[in-house]
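Presented below are the structures under discussion, each in the form of C-alpha cells.
Below, subunit A partners subunit B and then partners subunit C, in two separate complexes.
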Partner chain A sequence: MKPRRFIAPSALFWLLLAGAYFLIPLVATFLFSLKSNQTGKCCTAANYSWVIHNHGFWESLKISALLALETIVISLALFVPTIYWVHLKVPRLRPVIAFLALIPFVIPPIVMVVGLLRFFKGTPDWFYAKPWGFLAGAYVILAFPYMFFSLDAGFRSIDVHTLTEASQSLGAKWTTTLFKVILPNIRSAALAASFLTLAIVMGEFTIANLSAFNTFPIFIQYVNESQGFPAGALTLLSFGITWAAMLSLLLVGRKRGARSAVIAGGR
Partner chain B sequence: MAFLELQNLHRDFGTVKALDGIEIQLGEGEFLSLLGPSGCGKTTALRLVAGFDRPNEGRIVVDGKDVTNVAPNKRDMGMVFQAYSLFPNMTARQNVEYGLRIRGRDKADRRKRVAELLELVGLGHAGDRYPHQLSGGMQQRVALARALAIEPRVLLLDEPLSALDAKVRVQLREEIRRIQLELGITTLYVTHDQEEALSVSDHVAVMYGGRIEQMGSPAEMYSSPATPFVAEFIGTMNRFEGTIVDGGVDHGGKMLRIEAANGRPKGQRVLVLVRPETVGVARANGAAPTGNTLVGDVVTQTFLGPVTRLKILGDGVDVIADVPTQIALGLPVGTRVSAALPADGVRLLELKEDIPEISEEP
Partner chain C sequence: MLVGAFQKAKGKGYTLENLRVLFNHPYIDAYKTSIEISLVTALVGGVIGLMVAYAALREGTPRWIRSALTTFSGVAANFGGIPLAFAFIATLGPLGIVTVLFRDHGYDFTQHGFSLFTKTGVELAYMYFQLPLMILVIAPAIEGLRKEWREASANLGASQLQFWRYVGLPVLMPSLLGAIILLFGNAFAAYATAYSLTSGTVNIVPILIGAYYSGNVLDNPHLAQAMAFGMFVVLAVMMLLYIPLQRRAARWAK
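Presenting the complex of A and B:
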C-alpha cells in the first residue's frame, strides 16, 4: 500500500513561518504603495501610475537590463570556452581558477570600484564614461564567481573528454563540438549562471553609484530618498520586473520539447 | 599491402614508456584485437591511431598515406568508446546523423543512411529515444551505428563491451563481428578480455609493457604461445619451471618425459606449459607414479558447465585439470588421483627472466 503523504505539524509551522517572513514585507509594501502621496490615505493606484510615467524609471531600467544582458553575453563568451578548455586540457588549473573566482567575493565592492576607477582612468571616453564599457567590465568581474561555480558544476556533470573525442572523431571542429554537443548539455548550468548574473546586475548599487552611472538601483535609491509612497510601488515593480526577466530567460533558454540532459548509466 | 600500418610507435608519459616500438600491419577489411592487461599500452596505441594523442616517434599510415600529424576530425576514423559516449541532448537518430550533418550531406541522404544503420544494429524502432531511455547495450549499438555512419576508413573500438553485463557482451561482440564482416571494414579492437579477442578477431596482438609480445591468429595464439606472458594471458595454463635433462625435463626432482625437450641443450632452464584440458585424470590405483604421472589429492572443484576444473595438489606440484563434468562427479574433493601430462601436447619455453605477474583488471 502506498504510504499516505502527510506533513508533520512542526514542519507545517516552520513552513508557515518562512512563508510569513517572505510575504509580510511584500504585503506591507503593497498596502503602503496604495496610499496617496498627497493625503496618505488608502487606496489609490496613483503611485504606480507615477512610476510608470516617470522617464527616469524607464531610462534606468533600460540601462540596467541592457547591462545585465551585456554582462551575461560577455561572461558566457569568456567563461564557457575557458572552463571547457580547463576541463579538457589543463584540469590541474581548475583549483587555481576556483581560487581566482573567489576574489570578487572577498574584495568589498567599494575597494574594487576605487581600484578599477583608478586603473582605467585615462582610457577613452567610449569605455570609461559609458555604462556599456566600464560598468559592464566591472560587472563581468563581479559575476565571475557565480559564472565559474555554476558552469564548473555543469561541466563536471558531463564526461567532457569522451563527448569531445566522440564529436571530433565524427569530424567536428572544436567550435562545432562546443556549440552542438557541450553547450546543450550544460544548458541548465549556463542558465543558472545567467540568472545569478542578472540578479546581481539588476541590484548592484555601490559600483554604479561611485562611478556615477544612472542604473535602476540608483533610481530606486533616488525615489526612496525623495518620494514616500511611490517608493513602495517602485520596490514592488522592480521585484516583479526581476522575476519576469528571470522567467523570460528561462523560457528563452529552454528549447521547445527539450528534455533535461541525463547521462545514462553509471560509471 | 597493408591498409593500416603502425610503424615503430613510441609514446612516453614522463618516465613511463607507454608504447615502446609498436609495429602492426593490418590488411584491408581485417579485424585485429589488441589484448593485454591494464597499462599495457593498448588504449594508448588506439588513441594514437584515432589522433587524440601524438607519438613521440614512429608513423601511422592508412592506405599508404601518413596520418601521424593529421587532426582527429580529419582522419575518417569511426570510434566506439568504453564510456557511454552518446550525446545526451540528441536522440539515437540525431546521434547517428551527427557525423553526416558535419559532412554536409543532404537531408534525404542522411535520413536514408541513418535508417539503414539503425536497422543494421537492430534498433530501427528506437531512433527517437534519448540515450537515457536506452539500455547500456542499446547505447553501444547506437554508438557503433554512429561510428559507422561516416563510412570510416578504420573502425576503432576501445573496450566497447566492458560496461555491459555478460550476456549482452557475448551477443554484442558477435554482432560487431557480423557487421564488420558485412561491411568489410578494417577494425582495431582493444580489450582485456581474451575470450572476446579470440572469438571475434582475424588477428590478436598480445601487448605487455608497451610492446607487442606476440601477434597471430587466435588459434596460433592459443596453441603456440611464443612467450611465457602470452601463455599465461591467453587461456589457463599449468606451468612448471624445470631444467632440460636427457629425455625430458627435471622439475624439482620429478622427471617429466616431454617430446619437445629433445634437441634442447642440457641444463637449459625452461617453462613447461600444459593446457588443463590435456591433462588426463583418473582415480589413483595405488601403483607408483610413472613417467609423466603426478599423484595428488583433489583440493577444489570448480564447475564450468560441460567441464569441471580440478585443482590437484601432491608431491609439491599443483596441477589444474579440466575434466568432463560427468567424470568429475566421481572424483570429489579429497580423492587421491593421478594426473597424466601428455608427452606431446606440452609446450616448452626457454626461461630467460622472471615471468611478469598479470594484474587483475578492474
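Presenting the complex of A and C:
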C-alpha cells in the first residue's frame, strides 16, 4: 500500500464540514453582539458596555462564582481524604465507589432535581431557600463523578503506601501527611477536577431553574428573552468562561496524573 | 422520587395511577418526541462524528488538525445549555446572521418550512454537543485499528471496501454502538438547550417535568415524579445495553 503524503479529499470534505458547523455559530454570535440594539446595524460595542454596567450581571456572576468556589472546596474536603483512605486501607471498596460515582452521571439533572426537591422539602430555610445550601449540595453531587474519576486517576499514579509510610516513619501526623505529602502529589488531578467543577457550576441551568435561584445561566436566559443583541455579548462571555476553564483543564491534564477531557456541563 | 412516583395525588397511599397516566396523551407524545430527537441526533451525530474523527486520524492528515480537533471537541462537548441556544438563534433564528444572508440573496428558508424553534431546530442545536462527544469517544477506537490489519488485508488482495466490510467495521461496531447509546442518553437528558431555544414549547419530557415545577400547574406533583421515573427507566435500559457492548469493545484493545 502506498503511504499517503497529502490529505485525502474525502477527509478534507468531512473536516471542512465539521469546521463550518462548529465555527459559523460562534462567528454569527460575535457579529450579532456587535449590532446596535436601537438600529440593528453593525458595529458598536454598546452591548458589551451594557453587560458590564448591568447590576444583575455582576450579581448573578458573583452568586455563580461563589457557588463554584463553595462546591470545589466542599468536594475536595470530602473526596480527597475519602479517596486517599480508600486507596490506602480499603482498596476493595474502590469499585463500589466507582459505581456510586456513575449514578449522578447517568441520572439526568432534571430527574435528580425532582428527587432532591422532594427529599429536602421541609428542611430549614437557611438550607432550602438559599443557594449556598440546597444548590451547593446539589452541585457537590453533580461534581462527584468528575471529582472521583480525576482524583482516582491521580491517586493511582502515585505510590500511596510508600509515601504514607515514609512520612509516618519520619514522625508526621495524619494531617501533615495529607497536606504536605499527598496533596502536592495529586495537585494536577485536584486542579483538573476543580476546573471541571467550575465549568459545570458556571453553566448549570436545569437545577438552578427548577429550584428558582438566580445564578449566571438564569440571568443569561432572562436577557435572551428580553434583549436580543446584548444577549450575544453575554453568550460570548459565557463561552469564554467555559473555554478558559476547559483549556486550563487540558493544560493541567498534560501533566502526570490528571485525566483530560471528560464531558460535563449543563445541557 | 422513586417513592413519589407511586403516591396518590391526594391523601395517602400508593398507586400505579401516575404511571398509567404516562401512557396517555400528552405524556406519551412527549416520550415519543424525546426518544425521536435523541435517536436522530445520536445516529446522525454518531455517523458524522465517526467520519470526522476518521478524517482527522487517518494517514495523510496533518498532525496539528488532529490535536486541534480533539482539544476543540473537549471544550465543545461542554458547551450547551443557554449560550448554545442563543448562538443558534444568532445564526439561524429569524434575524440570524445566516438567515439574513440567505434572505438578502433571494432565498428565505423560513418561508420554506424551516424554523429553528421546532424539533428540527432542536436537533440541529443538539448536534453541537453530540458531534464533539462522538469524536472524543470514538477516537480511541479508531486509533485501535492497527495499521498491520490494513496491510495484511491489502496483501491478501482486499480492496478498501472489502477491508471496511470485513475487518474495520466489525471491529469498530461494538464501540460504535456503545458510543451511539451514550449519545442517545446525552440528548435524552438535555433540558436547558431545548428550553431556551423554544421557550419551552417543544414537547419533550424534561421540559414537561420542568413546567410542573417552574410553572403553576402543580395539581399533582407526583405526576412529575412519575415522568422522571419514566426517564430513569429508559436510561436504565440504555445502560443495560451499553455494558455488554463496552465489554465486547474492550476485546481488541491493546
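One rule holds in what follows: the second predicted complex is superposed on the first by the 216 of 267 C-alpha atoms of A that agree within 3 Å, B and C clash if a C-alpha of one lies under 4 Å from a C-alpha of the other, contacts with A are read in each partner's own complex, and residues count from 1 in each chain.
The rule is simple: a contact is a pair of C-beta atoms (placed from the backbone, for glycine too) under 8 Å apart; a residue touches a chain by one contact, two chains touch by 3 or more.
Just so it is clear, the model here is predicted, and its values are computed rather than measured.
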{"item": "Partner chain(s) touched by A:P131 [first = subunit B, second = subunit C, both, neither]", "value": "neither"}
{"item": "Partner chain in contact with A:P230 - subunit B first, subunit C second, else both or neither", "value": "neither"}
{"item": "Subunit B versus subunit C as contact partner of A:P145, first or second or both or neither", "value": "neither"}
{"item": "Partner contacting more residues of subunit A (subunit B vs subunit C)", "value": "C"}
{"item": "Which of subunit B and subunit C A:L117 touches, first, second, both or neither", "value": "second"}
{"item": "Touched partner set for A:P108, first subunit B, second subunit C, both or neither", "value": "second"}
{"item": "Subunit B and subunit C footprints on subunit A, overlapping residues", "value": "261, 263-265, 267"}
{"item": "Residue ranges of subunit B touching subunit A (in the complex, touch as defined)", "value": "50-52, 71-79, 81, 83-89, 98-99, 102-103, 130-134, 136, 139, 143, 146-147, 149-150, 156, 163"}
{"item": "Contact footprint of subunit A on subunit C as seen in their complex", "value": "1-2, 4, 48, 51-52, 54-56, 58-62, 65, 69-91, 95-98, 127-129, 131, 133, 136, 150-151, 154, 185-186, 188-193, 195-196, 199, 206, 209-210, 213-214, 221, 224-225, 228, 231-232, 235, 239"}
{"item": "Subunit B-facing residues of subunit A, complex", "value": "158-159, 162-163, 165-173, 176, 180-181, 184-185, 258-259, 261-265, 267"}
{"item": "For the subunit A and subunit C complex, residues of the former touching the latter", "value": "1, 3-8, 10-15, 17-18, 21-22, 24-29, 31-33, 40, 106-111, 113-115, 117-119, 199, 203-206, 209-210, 212, 217, 220-221, 224-225, 228, 231-232, 235, 238-239, 242-243, 246-247, 249-250, 260-261, 263-267"}
